[in-house]
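Chains: A, B, C and D, in written order; residue numbering restarts at 1 for each.
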């Protein structure tokens, strides 16, 4: 941490900061110019992050050079984390494709989708049983019955299944049915849920919040790792900006940046990001080229009658074409689909 | 809902939309120009919000003119909702001032703060027992012990107490100690928590999410009202923008706009919004002038040693001056402090 | 400037940075911790701002503590700048109200508006002769003929007139007719225009760009002052955010912050910011309370037939009520309307 | 245009809107539901865009379904525009790579860079003679002397040259030296400059503003085409968001969307967007995969001593590797480098 004092700060104000730092167990290191005094602070992350010095007399700016996370960092672990789930894996050269409908609607819908996406090369099956909806009047998902149908469909085709935990109280129930537990964008900073998932034995798929910075996403992942669960997949799904033509703005620079900052696998969700079917394929291609370790894609056998996110869902044949299109692109990135056999 | 078809859309595409609408139980009403066909849709909110027509062949744009909320709307209830808690009230001319430290740290800290803010004219006492922190290494709050200290301090001075529910599993426990249950910005779209609070007998203080639109804030409140709990206080606390000088951007236009859109009381939190002590007073004055029904202000007896949000906390004497400064301003708005006696 | 080196940066990388600094004429001041080395840099603003060290080997972060502006700063000049134009003034306790239509449409429209706003207490008259419009198919303004009508109307009632310079080539022509030259939000970083206006003898009204930071606004003003023109009025007119209910988000925190950072007068434009007539009055009141030195308000005798910005224009009688409403509020701020006599 | 009336709007308010429309020469088409009345409006783009009905009594919302642009639209011209400059072309399968330093500093710097980028496969040479800088204390470019050096370097290697017009008064001078005239992000809505460039015989490279929507970018291009100049290249260069890790957020979804909306070529500038050298290559790859028709990349022989944008500049050898890396990727997109022979 650096404390930049105001121009010509008074000696007693400088001393006061030093005293507070010492009192808190940190080490202060002075650097005095003619106009500016700068105080370098050495100490534990825990200490640094509980000190609020911004408002002190004579203090101009406090700059934290120590990141608010540690375990997720490439400095802490250089080699890629590979998250393995049954026959599937994501990270370290294994490319995951998680496909399926936004919401689970019926056994027939799930099983037919599962067959189609498996045939096209998907490595995991997705489907929402609990749906976060802006309006309380919108369809909220099938709940436990949905989880059951998802499991049936996954087992039918031999794909691990991914679904969202919307309520921390349901985490155990969801974990009974699902292989990977998804944390939605709106819950990225639901710290109690992150703590809970940190103690569980299921990989976590953590979606970036709509206005979360890269640092906040990594700090959220740190909560899970700190609890003991090292299997976290990060997901860029579009951020909220002033642009209204696309539903959100897919931040592929964040995908590339995350690959340098963390060892965790990073995937992209072009369906939610764009909100437009015609942009799903080009954004999938771009995500692969940006270095993503996987994709999350909405596929529905009958998007017109989908109870959620129809406009951005691919029909199975379009998904299949996209998968074909991606194969030579994965080769260029020295990646392969993350499935056994 | 309006469905705007593409220029010269084919008759069968138009018919297809009409058929889907009829199938779903809505009523379609055609308006055909030479170039454009527009389909007006009449139906229940529940039906409208489960129809996703954006991706259909020939459809250019779907515009929802029916709002995703109802109970919170001024159209539904014209007169102001007044939230009453013991001797305090907010709304309908009663101005609430909720003051106290960001985090509860000790009995001495809480009781001395409570006395100071009560003396200055605050109408409720705040303090955080569970703190949402970006970094898992930052201070996370005292938990139940904190709740107990908050209750003691409130009882000591006769002020109702407000505190955040961070985990839906703690809602009942928090409700044992607190008079008003706060939903933080990061949980504004934690729909399961909103559902839960909708069934409880405690007023809810709902903070706007960092990147939530006005419509999303109102929809979140609708979840609580739909559950049966009519006592919701909305709080504008700054939104996330590109500006970095202030911590967030206080959106006072949203405060004014909300006052026209909803009957619920609307307060502002200038402390979190600005993140700078010197801006708390001017932003408080501006919020009053914008039509806010109350303020939420961080006060700490020793900000330098505060475990959270020191830089934006007022010391008691500064808070007291601010309250003095606000009195003639409230009179101009035909409002009075929301306290009995 | 601070150069923060990466953890355990190599001695030669540190030396390399020091060498480059010395070569450029700056002074390097080392501060070495066990893990981190920080280099403090002392030098002229000109030198500091032409050094790009971010990409050097071993460099983690470069932090500029020296602001990119000087003449506009309160550190440079503590007392408020008062901009005087004929009988009107803005700043230092004088509150300016600049009122009139978005675009100049006819002599009758301008003169009737001028009479109405003058009677209500406005201190300057505004009107656009050159209109920046997103679409080339929208009305672009009357040009020189508009300037002539504006001058006639101003002279008729004895109010100084303010109008926008849209094209640097028109600056001299505009200056023949207008008393204050406005730089629109889209031209805030049109540096050539700022340079030109810096050499002219007319006060400049500089509007904040839609996505300009406070620092960028001040830097833009610095261009004008550096050219020799000290009469700059800053104007907050709403920034672009994700919110769509209001046209833009009025950033009153920026108004308060600017008052601490600069000696220049700061006004607010609630009409453009909100884009909704019903929000103009509350946002005007809030701007006064936030410490603004003035307001810019759109007034049109017949908003329904206005060729531009009708939805946010006040009719004269509404403007008059607003002015009445503001009087006791100005008194609370120890301000008076900036007009002689 | 659609005018959505408020629930149960009064018949006279509806009639009033209809009268105003008729008066303005537009055609009104009523569609009356039980609760809502909607008025469809047919008329010229010019008429529609000068009508402001939002503030009328009884009007809830005005929705423009007619785009504010025409000539740039794919509906107007289905086949791709190919911009040809000497031996180089961009669009319609021809991929342009515009490389060179941020600012022109010396003949030696320009000629060596020109040789290096030409050898690596660049199709045009770039270099800034006039630099838009936030601070007036930063290096502002070499001016005309810079233009001369750019021309020398381009001629030396046979590459067309691209440079920015910062001041509309310099447009002719710049056009004497340069083959393509660049409009920077800060001037995207400098409509007078767009008008001027619309009358010139040089292709225009139009960069998206930092907070410009896709629709605004297309409307800006429409200004140029409306003037008679059909050779416009659009450039996505990153938008301003809340994220601070990258300098801006490269919006590749906009690139894909633009390819569906317009026939004009669309390129990306990963250097300015990311502001970090290590992200230039992955973002270039992603832009190709997103469907871009070209790239604009900063290359400098000695980035450490660059007077501008050093941190994001590639050295020639890194640029050369990137070009090698892109070749198989262009093949996948059925594109080839846009150079003769």
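We take it that contacts are C-beta pairs under 8 Å (C-beta built on N, C-alpha and C of every residue); 3 or more make two chains touch, one makes a residue touch a chain.
In this text, all values refer to a predicted model and were calculated from it rather than measured experimentally.
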From chain A, count the fewest steps through touching chains until chain C is reached. 1
If we look at chain A and chain B, which chains touch each of them? C, D
Report back the single chain whose CA centre is most distant from the CA centre of chain D. B
More contacting C-beta pairs: A-D or B-D? The answer is A-D
Chain C and chain D have mean C-alpha positions lying a whole-number Å distance apart equal to 26
Centroid distance [mean C-alpha coordinates] between chain D and chain A, Å: 31
Find the geometric centre of each of chain B and chain D from their Cα atoms only, then give the gap between the two centres in Å, rounded to an integer. 39
What are the residues of chain B that contact at least two other chains? 211, 215, 240-242, 244
If you look only at chain D, which of its residues touch chain A in the complex? 211, 213-215, 238-239, 241-246, 249-254, 256-257, 259-260, 273-274, 276, 278-279, 282-283, 285-291, 328-329, 332
Using the touch definition up top, name the residues of chain A that touch chain B in the complex. 20, 45-46, 49-50, 52-56, 68-70, 132-140, 166-169, 186-187, 189-192, 210-211, 215-216, 219, 222-223, 226, 240, 277, 303-313
Contact footprint of chain C on chain A as seen in their complex: 2, 4, 7, 29, 31, 33-36, 38, 40, 42, 60-61, 63, 65, 75, 211, 240-242, 244
